[in-house]
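First, the structure itself, so that you have it in front of you.
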Amino acid sequence: MVHGPEMAEPRSRLNLRQRYGNIRTLSEALAAPLSREDQCVQSMPDASPTKWHLAHVTWFFETLVLMRHAAHYDAYDRRYHYLFNSYYEVFGSRHARQQRGLLTRPSGGEILRYRRHVDKAMYRLLDATPAPGVAWIVELGLQHEQQHQELILTDIKHAFGLNPLFPQYAKADDAPAVESAALSWLHYSGGIYRIGSAGAGFAFDNEQPRHPVVLAPFRLATRLVTCGEYLAFIRDGGYRRPELWLSDGWNFVQSQAVHCPLYWIGQEGEWQIFTLHGVSPLRAAEPVVHVSFYEADAYARWRGKRLPTEFEWEAATANEPVEGNLLDLTRCHPRAADEGERQFFGDAWEWTRSAYEPYPGFKPWDGIASEYNGKFMCSQMVLRGGSCVTPAAHIRASYRNFFPPSARWQFSGIRLAEDA
Amino acid sequence: MVHGPEMAEPRSRLNLRQRYGNIRTLSEALAAPLSREDQCVQSMPDASPTKWHLAHVTWFFETLVLMRHAAHYDAYDRRYHYLFNSYYEVFGSRHARQQRGLLTRPSGGEILRYRRHVDKAMYRLLDATPAPGVAWIVELGLQHEQQHQELILTDIKHAFGLNPLFPQYAKADDAPAVESAALSWLHYSGGIYRIGSAGAGFAFDNEQPRHPVVLAPFRLATRLVTCGEYLAFIRDGGYRRPELWLSDGWNFVQSQAVHCPLYWIGQEGEWQIFTLHGVSPLRAAEPVVHVSFYEADAYARWRGKRLPTEFEWEAATANEPVEGNLLDLTRCHPRAADEGERQFFGDAWEWTRSAYEPYPGFKPWDGIASEYNGKFMCSQMVLRGGSCVTPAAHIRASYRNFFPPSARWQFSGIRLAEDA
Amino acid sequence: MVHGPEMAEPRSRLNLRQRYGNIRTLSEALAAPLSREDQCVQSMPDASPTKWHLAHVTWFFETLVLMRHAAHYDAYDRRYHYLFNSYYEVFGSRHARQQRGLLTRPSGGEILRYRRHVDKAMYRLLDATPAPGVAWIVELGLQHEQQHQELILTDIKHAFGLNPLFPQYAKADDAPAVESAALSWLHYSGGIYRIGSAGAGFAFDNEQPRHPVVLAPFRLATRLVTCGEYLAFIRDGGYRRPELWLSDGWNFVQSQAVHCPLYWIGQEGEWQIFTLHGVSPLRAAEPVVHVSFYEADAYARWRGKRLPTEFEWEAATANEPVEGNLLDLTRCHPRAADEGERQFFGDAWEWTRSAYEPYPGFKPWDGIASEYNGKFMCSQMVLRGGSCVTPAAHIRASYRNFFPPSARWQFSGIRLAEDA
Amino acid sequence: MVHGPEMAEPRSRLNLRQRYGNIRTLSEALAAPLSREDQCVQSMPDASPTKWHLAHVTWFFETLVLMRHAAHYDAYDRRYHYLFNSYYEVFGSRHARQQRGLLTRPSGGEILRYRRHVDKAMYRLLDATPAPGVAWIVELGLQHEQQHQELILTDIKHAFGLNPLFPQYAKADDAPAVESAALSWLHYSGGIYRIGSAGAGFAFDNEQPRHPVVLAPFRLATRLVTCGEYLAFIRDGGYRRPELWLSDGWNFVQSQAVHCPLYWIGQEGEWQIFTLHGVSPLRAAEPVVHVSFYEADAYARWRGKRLPTEFEWEAATANEPVEGNLLDLTRCHPRAADEGERQFFGDAWEWTRSAYEPYPGFKPWDGIASEYNGKFMCSQMVLRGGSCVTPAAHIRASYRNFFPPSARWQFSGIRLAEDA
């Protein structure tokens, strides 16, 4: 089991150097159960090889920190700047995204050597108490690496899910719960709420500026929708009734022959589910995950409800404790809600009905990090709350994740809402 | 020149029967300059043949009005319910959208006979002073036909634009202006604005419910961006600088080899433009049209500005007179702004930075019209204000048009905004 | 009914001018039952609008004859050289093939004026007794127009076949036969046969040079395979048994969901068939047509037979009379074989197992006609014998038609062969 | 260097068991220079991972030999029958071809264990002197494994060729020649030749039955076309002149932007070439390889020559010694022809102008091997003679290889022919 201090200890007590070490260590621990072959595979253009993730986050530190702020730093291999840049136009041309899986060289061992080289230089820099500007970009690098930690797991799950042998990523330690708490409703009054990061810790540019939003009274479900509840939708012909679907969603399920969430295997009456811990019978009490926005939206409509807006979600959770079923390698899967457990953080990213747009007054970060978030603000939907594979120290109430409405390979689930 | 009473006279003075007659007449007048062959062509899946438009709006009256509310109505030809349904799942299966251009039969003349048949029954119904519920669905049918009037023109423009002979749809009567007013800024204070239809006339479900929105102070440009201004963007390498573009937009211009607005012909230094009145030299004073959301957004970024939100746009125009360069067959093209002319209505649909989402508390219409707007609320952007081919009686401040961000065949243009 | 002298009278008795007139007249007669809209439609990239065919064959005379050999000839409209060139690289760039259906202009009436203009100049040239070289190129133009006569019918059939109204091209005069002759076998001894045009009349370059081929003894079926016989293949699961198919063929039927010949409608037990004379019940006695090479090959394998090679076919038919169910507008469909009728010519093009390759010593024609046949000698299969829509004066034993193995919109059928 | 007895010693002196051991050993030796990651990658649907090749050939022995002929044989893992079947419908459903690269499990080590398991059982069977029927199917398995040995090298070359680091598969031992023999012509008289396997050793079903073919007198070039000669074609605008190309070929080079052979890097004047031994300057004296049939055909036309038919090739080589630059890991690349060296065998597979068709009287093998060759006899061209990565004991004059005309990742080259 992997359970570094980063997961156990409050962030504030650790200095940047310690956090750097913990996060960098965790990334490699996530890769440890995987063979060299596993780490090299790319199962679709949206997913990347483990090895590539390990290299790309390292390239980020090398390019944005060391090349700019470390005296006399020697790039490990300048060709890596081409291979491991993801989408940053400002850093020049790069290897085609859909061909990352072809990079059998550099080898996985070579990537670890690259990591060692960069770590050594990073420690040297961090030991010298870097200037605030440098500390900030290091912090960004850490947040960035945490994002890729989640992707390492969702991407290998996708590859394993396409393998007829359904490999197991890791053993699960605990026995899953067989019942979940009953679903009831939390009431929130209308009014003007302030949305966006209040500035107390790290936040991405897309969480800013904090600004007022008018909300009408609304209600949120006390927990996530379960597999058992979703099964009732399937049994009621949910995937075959166009009136429940957005037009694009109906096209999606028709053209892709979608008739159940991703990783559900088999047929009605005998469903199984593929998880990072292997194949098991479907457990009705667990939150449903790996649904697209289209499916989440159709399910809510079938229930006579709707999805929350991202503003309702943030208003509701601003004072909730940031805790839940977050990244823990002994249980990389959502858990049934205990009585009183609200599942706002962890378990599943919650699709909102909000398109991913700039907040009023939004400005991308200046300079080298300007492409981080702003340029994706089109044709994507906001998800909130983190999942069972999000590092605990990475999530917060104002955090905005975003994916196209058809995306299903993330741990994305459903929380119902309604007008009060 | 076509200039029916519908265009000239205020709607309130005309009763429903008169308006029915005027609008139905205008649709056929719009088709009149086109040959039978022109009326049958479909140049891309998003565009429909003129003939199909003429039949589809008639199907709408037949299916939603006559089949339900006219005693003893005989359907003209039941096969047309399959051929001319657009996207209404509730009315059963339908002919594939991308194959509309293959329908050489029924002929254009036959479609006119179909229109006569339905008109006759509609007049009989309208003469009998229909119940309010019926009047409402007739009104919806008229609004629907007006939407298709605009599409008749944009769709044939697309087909003609792909013909190396560049046919002319109609002669232009007036000489275009050679200068436009200077661009300055209108200031709007922040606060809570009420957005959505106030209920005084017809409004679509997507304009409802009226609800409060918080706006920060903002400024809007006094007029639309001109071709001359847009040309400066092109000359400055706008289409070749990734930092100006949304990620999807950059993919769009790269993969589609887009380097100028749709219907611009030729090369820098000698641009020509294809219009419904034929090919002419590019006129710098006219508003730029036929740009995608991506191009509008990139242009605004290049200018150091941004696009307005749809709420800012509506707040700014709520008290503006609804007048401008709207549908008039002698001039189916935007006009240079005169001094003091704000161009909020007409000339060009204005891309906003707002994704097309339901208003808080949105409910689709009950029953047969439930699919009209709600099911498209995903992955589209809102445009406001109508264009030079929008019927004058059809537009209003709360009107929300919507297209995918890559759409260019509508008369879509750019108004700049900035934070105050 | 269309029945010009070209069909009735032996070619030899007519001079070139008369034949020019007859063939040109027939093309327009073939278009006569079609509306302007019908003549403008293109249902797939491989098919062309009637109007385009009428213009293209005219362009051929204008470009290859008049522009080169007629003194003081004025091109009708130089833009047509771009619009109506099909694939001749030597004559410069041309309109994209898959966009021919977008050419609503020039109108059908305009194309007829273009034909008049060219005809007038052609008559002037032909009246002056042209030099042998000119006569030859005129002859090629006539052969070319005859090829397009067949395509006019197969292409409009394809468009009509995609129209849910299933329009009728023409009334059928005769009552179809209800029985066909029993199938038996014709025996041919092995030896060296001479293959290719013997030089007595017009022949394409691909029929030359005449050359010896060794054949083993073989047998050919006395008539074409019937719909009833083909139905037994379907009922026996022919389309679901991979062992019967070529690998490409199996991919074809799987990926395109092919389960019956093109234009068969409905389900087992109640098959209907779409013909140029409308929809009718499937008639078991008629030859099966509109099958791909893959289907012909799989059917033959299922019967324990094979398709003939093109050399076997030509050896067998070299001395057969060139007569059969060829182009006649009162019956544009194959006919059941009478007793003793061998159906070698007419009814259906017969797929051979021979790939379309150059004959030993093949040389494309010099100069302007060099692209006619040779450049297509790859990835196509040879068909022999002409069909029910091939002009009678156009076919001969040495004639080689060719289409990709997946093509189904031609009147292509099956004759069985076996080793003796 | 790998140089097993299989390469060095005549086949006849070795018994089946010895040959089994040698061939099985060579396959693993070919994989030895590759990392686990290299062995897992699939760079396009037509190529397979090394690991998959190693498993598939083993599956072949397990399924066609051991499961049928070895008493009490226990399948290693029945799931492998799904994973490692290539295209044999008779053995049931199988893993999708284009997803072979996703199989990170079973691991490369596991595949070697699978090989050990099968080898052990095979040795037990072979030690017992198998019946002739069994010996024949073992022989087929060996021929099959040799085919995949060549593919292991061409497929990894393709993957490495897409890696910007251009990895080296193996060091080259010898210094390449700088000059090649002058090209002259070999004359062959016309007459009747017997084509196909004469039955003295193993032959595939597609080489049978032996049959007579008439050939006109012809000439073949004394050696393969060199890179230097091909460069002259490029410099003369060969890739930009449509008159040199088959219609499909012109579409191919236009749509794929092909302007040089595969693995040529850079620009005119400074060409480099990627080989299994890394990147080096282009060497003019070496045979050009990795051209498609289209390029071979266009090149020949540019020279005023043509490609040979497969019958001409076989007639010419029937009495040539089967020796040349065949598989040898110290030199996986064609070599410049020495004076007098004809290069018929080895160096490069020679595109012929012959489509891959059944010989007269062809019958696929009965039973389990029936799908081996016959079902691919459509839309492919025949290549003859083997390449620098073909095992020496695998090639013969009657051997027919076949690939689609666009294939370029094999070592395919050009020999010129002309009519005498």
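When the chains are written out, they are named A, B, C and D in that same order, and each has its own residue count from 1.
The criterion applied here is as follows: a contact is a pair of C-beta atoms (placed from the backbone, for glycine too) under 8 Å apart; a residue touches a chain by one contact, two chains touch by 3 or more.
All of these numbers come straight from a predicted model, not from anything done at the bench.
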What chains, if any, are shared contacts of chain A and chain B? none
Across the interface between the identical copies chain A and chain D, with over half of residue numbers shared counting as same and under half as different, the residues used are same
Among the chains here, which has the CA centroid at the largest distance from chain A's centroid? C
Option in C-D, A-D or B-C whose residue-number contact pairs overlap A-B by over half: C-D
Length of the line joining the C-alpha centres of chain B and chain D, rounded to whole Å: 59
In angstrom, rounded to a whole number, how far apart do the mean CA points of chain B and chain C lie? 46
Please output the residue numbers of chain A that touch at least 2 other chains, ranges allowed. none
Enumerate the contact residues on chain B facing chain C in the complex. 35-41, 43, 79, 82-83, 95, 99, 101-108, 159, 162-165, 167
Any idea which chain D residues touch chain C in the complex? 87, 89-90, 192, 211-216, 242-243, 245-250, 293-294, 297, 309, 353-355, 357-358, 360-361, 370-371, 375-379, 405, 419
